[in-house]
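Note that subunit A is present in both complexes that follow, paired respectively with subunit B and with subunit C.
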Partner chain A sequence: MTGTFHIEIQKAHRRHDIWICLLVSMIMVVWVGGLSPSVPDELANAYSALFYSIPVINSIILPVFMALLASRLWDMEIKGNTTKLLYTLQSRRSLFKGKVIFGVMEIFLTVFMEMGAVLLLGKIHGYTETFPAGQFIYLAVCTTAAGLMLFFSEFFIMLIWNNPLPALCVGIVGALLGLFSAFMPPIVSYFVPWGYFIPLSSYEVAKWDQATHTVTYGTRSFNWGLLAFTFALAALFFYASWRRVQKQEV
Partner chain B sequence: MKNVIETHNLCKSYHGRMVVDNLNLNVLQGSVYGFIGPNGAGKSTSMKMLLGLTHPTSGSVKLLNQTMNEENRIALLRQTGSLIESPSGYLHLTAKENLSIIAELKGISHKDIDRVLEIVKLTADANRKVGQYSLGMKQRLGIAMALLGKPRLLILDEPTNGLDPAGIQEMRSLIASMPDRTGATILISSHLLSEMEQMVTQVGILNHGKMLFEGPLQELQKHSHGNIQLKVLDVPKSIEVLNRQGIRTTMMQQPNLLELPPLSDEILAVLVRDLAESGAGVVGLTTQTKSLEEIFLSLTQSSGEVA
Partner chain C sequence: MLKRCIIAENRKLHASPIWVMFFLLPIISAGYGTFNYLQNLEILKDKWYSLWTQHTLFYSMFFFPAMVAVYAAYLWRLEHLGHNWNIIMASPVKPLDLFAAKFVVVAKLALLTHGFVFLLYTFCGKTFAHLPGWPPIELSFFLLRGALGALAVIAAQLVLSMLIRSFAVPVFLALIGGISGILASSKGFALLWPYSLMQAGMNANKSKDVLDGGYGLFIASCVIWLIAMFILADILLKKKDVRA
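Let's turn to the complex of A and B:
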């Protein structure tokens, strides 16, 4: 396993994929950092506001970023015309395993950096609200699950077309659909997987004071059913991708 | 001598269309085997089946004395170098980095990288990104990848594609010298018979997925003899000699040029002597070599399969 992963690391040399992973958290820091609370009332509600915003930001940027990561991972094999050579030196399973491990590591890194950015923002701006550890872990798990599902779906599209453009187009259109689904009745969002970050969120707007423009956030119960469905979708796309690699003639 | 590659009734069909039809290939150890056929004859598909890249519809492949299956395929192919269709290489990496990946996959020492770069004359460009390479350089890198680890068998699909004339000449010399230098057996495909004649010892001719001929190059060359063009000073005297010997003659459009049917070296020697003695004045004698298509035609017209 380390062998195939090590080879993928060698292939990733000069491709700057790590910067793409870092860019996600940097966008979040800039986006949320620009709206950072300053008054005591807001600071007392700051983690709730942040945890409400992150899934919205994720539903805008992660479908595109996951398409970017997934398509780049296979695109180098297409452009380099390498599969014909690789399949004489390693099994299809081994190549697929290397890609999967590398891709999953990129997702973990993206989520890890994003979660690190949450802690950093809380520290820098001096949030006074008690740190919601349970919600934090749930957010990390949900972001990972939706990230995996998007990654494997985009990887599958890349394998079908052998071209990064369809995967990127689906990512961009999916991001828009996902965001718009948040403004639709809740049932609609269940049919738009690109936006699953939002229905998976455990925060909601509890009260909106029109006079003072103050928002009070509240929590809602964890959406275990949708989380399980997201993992199941990720597994389905993973299996479809594997079958594609297994059966594809070069 | 043992066969390094053997196929038994290898078939491949796509949507009911037979692309490779009961192919029985026998490549002798230490030989340079030329796999010849026009574009679309089924050469690349056959080679892909030898490498397990394409699943045969029926038949079997024996590589290095072992019947290839899913269990032993990678182990067998690690002793094999291959270049199929166009060369492979990660464009964002240098030649050295590309070879390093292949060395790791083959499980061999990275020390071999400098040797193969030297062989294909890429040492000076080893640290340039492959994306900046010309097609010829990529082709040479593909050969270097195939040569890594001193494989026992090299399977090369049209390796001179994209090379300039000097590169083609270098590649021919390199391939022809491989059996002596490394003991490797080479299976090389091309659609150019003239190219193959300069480097192969054994030949297989494929057309419409069927093997039309398999055997030593000399055997094929018997089929490649075409008409003879004879340039003389005195045409009437020449025709008189030719008629006396019962050789059918055709007048060509150019003056003083006659066309004779294929003749054996012995008959030709006697004919030239008689023409000289008669005072016909032999100026030139050119033996036409049949094109691959003409050989195909003569092979198919004779018995369909010659071996």
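Let's turn to the complex of A and C:
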């Protein structure tokens, strides 16, 4: 396992994937930081506002980002036409394992940095709301689950077409659909996997005062059913990708 | 020679999968925009103007740059494959002609997309929203301004796709560019950043015209960014040697 992972690290040399992972959390810091609360009332509600915003931002950025990760991993084999050579030098299982471990590590890294950015924003802006540790962990798990599901679905698309274009197009169209589903009746969002970050979120707008433009956030119960379904979808796409690699004609 | 380059670039689009994107994205945007407009009639009272904001808000902010990036990355990907880069660098064509030809083809696609967006907007306004009359002439003017602002985004994306040999990275950077455009606009720097220009031109999220009285600066900014990107592309293509 270490060997296959090490090979993928060598392939990623000068690919600068870490900077791209960092870019996701940086964008979140800049975006949410630009809307940062300043008055005491807002600071007392700041973590809630942040935890409400992050899934919306994720639903815009992460479908395209996951398509990027998947395409970066497999596109090098397409461009170099290396699969025939690789399959004679190593087993299909070891190649697939290396790619999957590397991709999953990148997703963990992205989520880790995004969660780190949450803590950083709280410190920088001096949020006065009590830090919701349970919600924080739940958000991290949900972001990881939806990220994995999107990554494996995009990886599967890459394997089918051997071209990054369909994967990127699906990512962009999916992000658009996911964002739109957030503003539609809640049931619609269950049919749009690219936007699962939003129905998985445990924060909602409890009250919006149109006159003063103030928003009060509330929480709802954790959506364990959808979270389990997201992991199941991720597992399904993982299996479909593995079968594709097994059966692939080179 | 430029004309021949344009013909060659056009030929690359034959039976290309990017046409799926060309049709799908505006249709989804129009479908959602109309649905949202019909759901919020008590708040959205400006008829054609309100429908315009719903149709073009997310499209111009996030997804137009990404769509243009796909067009640009697709055309450059073909040059990055195999030994094609060596071939184009060794061909008796001025490097800037190669860039300009790709620019013309992507601009054509972007303009067609804009036209399709307006067609869908008018169709949805008449058929589903049952709006009286026809869209105000001002809105087609917004569309033209948006197209002018889009030229800077197209040139920027072509430079990125030319430099970065990966297909996906420039597309992701375009999405980030769209977000940075929103942030720049919110801080009042819309005319200083190419990704804000299209958003400002489309006037997608404001009831009053954001460019009111600032047309000269807007056009100057579009032209300056466009020229800057062309000069940058020319320098890079001349200095960047063949990479076998």
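One rule holds in what follows: the second predicted complex is superposed on the first by the 250 of 250 C-alpha atoms of A that agree within 3 Å, B and C clash if a C-alpha of one lies under 4 Å from a C-alpha of the other, contacts with A are read in each partner's own complex, and residues count from 1 in each chain.
One rule holds for everything that comes next: a residue touches a chain if its C-beta (ideal position, glycine included) is under 8 Å from a C-beta of that chain, and two chains touch if they have at least 3 such contacts.
All figures in this text were calculated on a predicted structure; none of them were measured in a lab.
Trainee: In the superposed arrangement, which partner chain does A:87 touch: subunit B (first), subunit C (second), both, or neither?
Mentor: first
Trainee: Scan A:250 for contacts with subunit B and subunit C and give back first, second, both or neither.
Mentor: It touches subunit B, and subunit C stays clear.
Trainee: In the overlaid three-chain picture, which partner chain does A:3 touch, first (subunit B) or second (subunit C), both, or neither?
Mentor: A:3 sits against subunit B, while subunit C stays out of touch.
Trainee: Classify the contacts of A:79 with the two partner chains as first (subunit B alone), second (subunit C alone), both, or neither.
Mentor: A:79: touches subunit B and subunit C.
Trainee: By the touch definition at the top of the document, which applies to A:209: first (subunit B), second (subunit C), both, or neither?
Mentor: It touches nothing on subunit B or subunit C.
Trainee: Determine, for the superposed model, which of the two partners subunit B and subunit C contacts more residues of subunit A.
Mentor: C
Trainee: Please work out whether A:11 is in contact with subunit B alone, subunit C alone, both, or neither, and reply first, second, both or neither.
Mentor: In the superposition, A:11 contacts subunit B only.
Trainee: Per the contact definition in the header, classify A:23: touching subunit B only (first), subunit C only (second), both, or neither.
Mentor: After superposing on A, A:23 lies in contact with subunit C but is clear of subunit B.
Trainee: When the two structures are overlaid on chain A, which partner does A:168 contact: first (subunit B), second (subunit C), both, or neither?
Mentor: Only subunit C is touched by A:168; subunit B is not.
Trainee: Both subunit B and subunit C contact which residues of subunit A?
Mentor: On subunit A, the residues that contact subunit B in one structure and subunit C in the other are 79.
Trainee: Mind listing the subunit A positions that touch subunit C in their complex?
Mentor: Its residues touching subunit C are 20, 23, 27, 30-31, 34, 60-61, 64-65, 67-68, 71-72, 75, 79, 163-169, 172-173, 175-177, 179-180, 183-184.
Trainee: For the complex, give me every residue of subunit A touching subunit B.
Mentor: Touch list, subunit A to subunit B: 3, 6-7, 10-11, 13-15, 76, 79-82, 84-91, 249-250.
Trainee: Quick one: in the complex, what on subunit B touches subunit A?
Mentor: By the definition above, subunit B touches subunit A via 48, 51-55, 74, 77-78, 80, 82, 84-93, 97, 100-102, 104-106, 130, 145.
Trainee: Quick check: in the complex, which residue numbers of subunit C touch subunit A?
Mentor: 17-18, 20-21, 24-25, 28-29, 32, 35-36, 58, 62-63, 66-67, 70, 73-74, 77, 80-81, 166-169, 171-172, 175-176, 179, 183, 186-187
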